[in-house]
Amino acid sequence: MGENIFVGIATWLRDVMSSAGVPDLWNDTILMLVKLVTVLVFVMLNFMVLNYMERRIAGFIQSRRGPNRVGPHGLLQPLADIGKMLGKELYIPKSVDKIVFLLMPTLIFVPPFLIFAVLPLGKNMAAIDMNIGVFYMFAIASLSTIILWGAGWSSNNKYSLIGSMRAVAQMVSYELPLILSLLGVIMITGTLNMSSIVEAQNNIWFVFTQPIAFLIYFIAGIAETNRTPFCLVEGESEIIAGPYTEYSGMTYAMFPLAEFVSMIIISAMSTIVFLGGWLAPFGWTFIPSWLWFFLKMYVMIFIFMWVRWTYPRIRVDQLMGFNWKVLVPLALANIFITGVGMYVFRAIGWWS
Amino acid sequence: MFGQGLLKGLQVTWGRMLSKKQTVEYPDEHIEMFPRFHGRFELDVDKCIACGLCANACPNKVIQIEKEKVDKKQYLTRYMMRIEYCLFCGLCVESCNKDALKFSNVIDMNQYRRSWVRLTLVDRPAPEPTETPEEETSAKAAKDEAAAGSTPGKEG
Amino acid sequence: MKTETYTLNLGPQHPSTHGVFRIILELDGETVVKATPVPGYLHRGIEKLAEARTYTQVIPYTDRMDYMAAMLMNWGYVAAVEKLMGIEVPERVEYIRVIVGELSRIASHQIAIGAMGGDIGALTAFTYTFRDREYVIDLLEMVSGSRMTFSYFRIGGVAADLPDEFFPATRKLLNEIPAMCDEYDDLVTGNEIFQARTKQVGIITPEMGINYSLSGPTLRGSGVNYDLRKARPYSIYDRFDFEVPLGTNGDCFDRFRIRIDEIRQSKRIIEQALDQIPEGPIMAKVPKVIKPPAGDAYAEIESSKGVYGAYVVSDGSPKPYRVHFRRPSFINLGYLGELCEGWKLADVIAILASIDIVLGEVDC
Amino acid sequence: MADCNITSELVEAVKARFSGIEIQENNDVTVPAGDLIPFMTEIKENPDYAMDYLTNLTAADYEDRLEMVYNLASITHGYTLTVKVKLEDKENPQVPSLCPVWGGANWQERETYDLMGIVFTGYPGHPTRILLDDNYKGYPLRKDYQWEGGREA
């Protein structure tokens, strides 16, 4: 029953509409809109959960309690935060490039949302099951670099400028190992469709066959989301808040929001590609597939947070050195080994 | 081996995540203050002889005393502390020979307005004198000036 | 390719300057070409204020210099006045001073460790050290009644005797200190990222350290064995068995590591002091109105930041004629501009944190 | 406090070389302003004294004079020495800068200039204010400094 709950709802909706005599074209359009709104709501809900989770975990790690006053166990804290952010003055400094300055916080949201359209959150649960899903995801994800850069540049503040330059250098560089680490998996599966990649892990998760790739993906993923130990873009103790320094109120809130969303995406991607997506381990299929997916995703997110609140920040030259001297060669070596392995296994007939 | 320190750090934070939390949830819980805690000032009016030693001991001219002479005895009419300037060093309490001025354990001294911070420990009219000394007014004026510490001169 | 440098105003309000302190950085990309430190935003004129107060009334003001180790600040000033008046301090007082002074040093070093961790990015280290510091401060509150600005020392003695419950509580805390230090070591010192950030960064050679009058862990990180507690034992420090931790490279990492080791050594000193402390008066025979004979005296102690000295001139009146404080943070900062050149922006933060300044002390 | 001042013999030996200096009974040395740099260089470089560490540098304003106070220490030998320079000219007090000898003198001299108004000749560039604002008038630690205001005003 729980397995196909969302598919069931969609089918039911379609049936209701067709029985009401809605033409097929309209029917599809409405259904697509419903899906997109669902993604939006889903993202916002996840953001609130993550916000609460991050603060709570930070608190627990630091021997504190974290938010515990608003609502039971502080569960309504994200709502209070949003209310506070909305209530704040939207201050626009005189010297900023006003159009870009205001455009960037709105645009920062676009790439993560676009990506959500192709993520399969459960069996048959991708809004759009695109056959070039992985490619599409990376193409869209690269866009957020220029948005961060625009935010920093338009602020007309040196801290913002340094932050945005760091953002460009860091995100562009780390995209390379991020993509290269996935290449091994794509070589094995031979597809860019995310659902097919998940299906390919029916026997064994790719985290076991591609451990190095997973590690590279994990590290590069932290860097892509600008979280400690790679949080140079914000680098609170060095450059105040990087590109966000001049933002206030809701315009500021958009950036952490986008950061959380990209963290969801990175975790979701690692779940899909390395952790078997919605596939149930040990044959425990009594738990619905989408629940499995979220379970795995949140374990990944937890590890991200755990790492964040444990490690110090790396320096900018070390960051680039680590990328180009360690991660990229390692990723290339991984691809090479995967290729050789595939050839050898094929030759001896263990794998077709 | 490289990475050992990283794992060790994760181990420490994991341990802390599960261990007891240190937060004292303040309005619900209160910590017992130590007996010597420098909290809100308390003045035992009956013990105070309005000698002005505390006002003189204060490094920052916080204490203002007004007194009147009633029946050849100094009578404290007003004891005001400008807490906004107070350093909570305890020199006034230490200087008090009669043990009248003391620290309490009250820690809540915050106010909404700066002007409310001032702490008036005594504010009362002098009782009617049983005899009627003629030169009371002039004596009072002189005493007032002496009691307010040294004359308000230039600050530091 | 021709590039231009640009100026970055680090401060006066910046999360990592530990107060209001400004460094004008001339940057080439992220590399510092020139650094000009600008102190003075917290200048309150304590030296001038002291001239309008009696000798005892100056003590609360010394608290406000290095408010992270206020006991030690009291001590330096009180020692100078006692030297001026030729007061012999009772035995018990000396022990009490050593105990509270070393506790204060532990509290101060915990801030330094945590703040440096926080500046490098490990915010959890910051909360851990602050959490542990509260226990130390609890002890000092038990003794003096305040948690930060103690005003506990008096000329010729201390304000009050140690309460009875202080001894078991201190011993209990001392037993926990090695575990605390190990936790800092595990979380921060041993962390490879932290080491990569701090090792071989901001190197102070012993010659430059001495030339620039640096002191405290900042100088000892370069391997110069100059700890007043050993070099010229004041008070009763010659009776205790302890070591002076020394660095080898003079980089940020050594300066950081030394502080953790110093906490361990302070623990040893306090343990010995608790064992040896005699009964006796807590105040020397001091006249009620303190009027030192005309003359001047300079006394120095080893504070948590370095050599803290007080120069007191008396003209025979109840108020000091001139007071000057040799503040270690201020003088250690004098080398900062030169030290930062050639390093990255992020290293400036690490270097500043490793010097461990308290702005109240820098600006006085 | 243990007495760690430099021994009398060593001080006497310095006096033989610099005729203008006076020695007080607690071994504080008063040096004429003109002899300051050679004197400091001598006791710093000469391994017999090895006063390699300039601990403290300050000044005091007396009725008839300004007085520079230098507290030196020897890390090698462990003893200390106080050197004083009397500046009779209160209107335009000048003393040679110790910056060429000790880098640590830099900020301390700036502080002394800032608060006491003593000009250090030979300081790299003109000493600038360090704690107070650049446009500040007057030298607050001088005894004749007057300031109106504060919370009583």
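As written, the chains take the letters A, B, C and D, and residue 1 is the first residue of each chain.
Methods note: contacts are C-beta pairs under 8 Å (C-beta built on N, C-alpha and C of every residue); 3 or more make two chains touch, one makes a residue touch a chain.
All figures in this text were calculated on a predicted structure; none of them were measured in a lab.
Novice: I want to compare two interfaces, C-D and A-B. Which one has more contacting C-beta pairs?
Specialist: The comparison resolves to C-D.
Novice: Among all chains, whose Cα centre is located farthest from the one for chain A?
Specialist: Computed centres place D farthest from chain A.
Novice: Whole-Å distance, chain C centre to chain D centre, using C-alpha means?
Specialist: The computed centroid separation for chain C versus chain D comes out at 24 Å.
Novice: What is the distance, in whole Å, between the centres of chain A and chain B, each centre taken as the mean of its C-alpha atoms?
Specialist: 56
Novice: List the centre-to-centre spacing of chain B and chain D in whole Å, with centres computed as mean CA coordinates.
Specialist: Centre separation, chain B to chain D: 41 Å.
Novice: Just curious, how far off is chain C from chain A if you go by their C-alpha centres, in Å?
Specialist: Centre-to-centre distance between chain A and chain C: 45 Å.
Novice: Chain A: which residues touch two or more other chains?
Specialist: Only 61-64, 309-311 qualify.
Novice: Give me the residues of chain C that touch two or more other chains.
Specialist: 45, 48, 124, 128, 131, 187-188, 191, 193-194
Novice: Residues touching two or more other chains, restricted to chain B: which are they?
Specialist: 6, 9, 12-13, 16, 22, 155-156
Novice: In the complex formed with chain B, which residues of chain C make contact?
Specialist: 45, 48-49, 51-53, 56-61, 63-64, 124, 128, 131, 134, 138, 141-146, 149, 151, 159-160, 163, 183, 186-188, 190-195
Novice: Quick check: in the complex, which residue numbers of chain C touch chain A?
Specialist: That would be residues 6, 8-9, 14-16, 30, 117-125, 127-128, 131, 187-188, 191, 193-194, 196-197, 344-347, 349 of chain C.
Novice: In the complex, go through chain D and note every residue touching chain C.
Specialist: 1-2, 4, 52-56, 58, 60-61, 69, 71, 75, 78-80, 82, 102-108, 111, 115, 129-133, 140-141
Novice: Can you tell me which positions in chain C touch chain D when the two form their complex?
Specialist: Going through chain C, the ones touching chain D are 39-40, 43, 45, 47-48, 79, 83, 208, 210-214, 224, 226, 231-235, 238, 296, 298-300, 307, 309, 311, 313, 321-322, 324, 326, 330-331, 333-335, 363-364.
Novice: Quick one: which bits of chain A touch chain C in the complex? Just the residue numbers, please.
Specialist: Result: residues 61-64, 158-159, 162, 228-229, 231-232, 235-240, 309-318 of chain A touch chain C.
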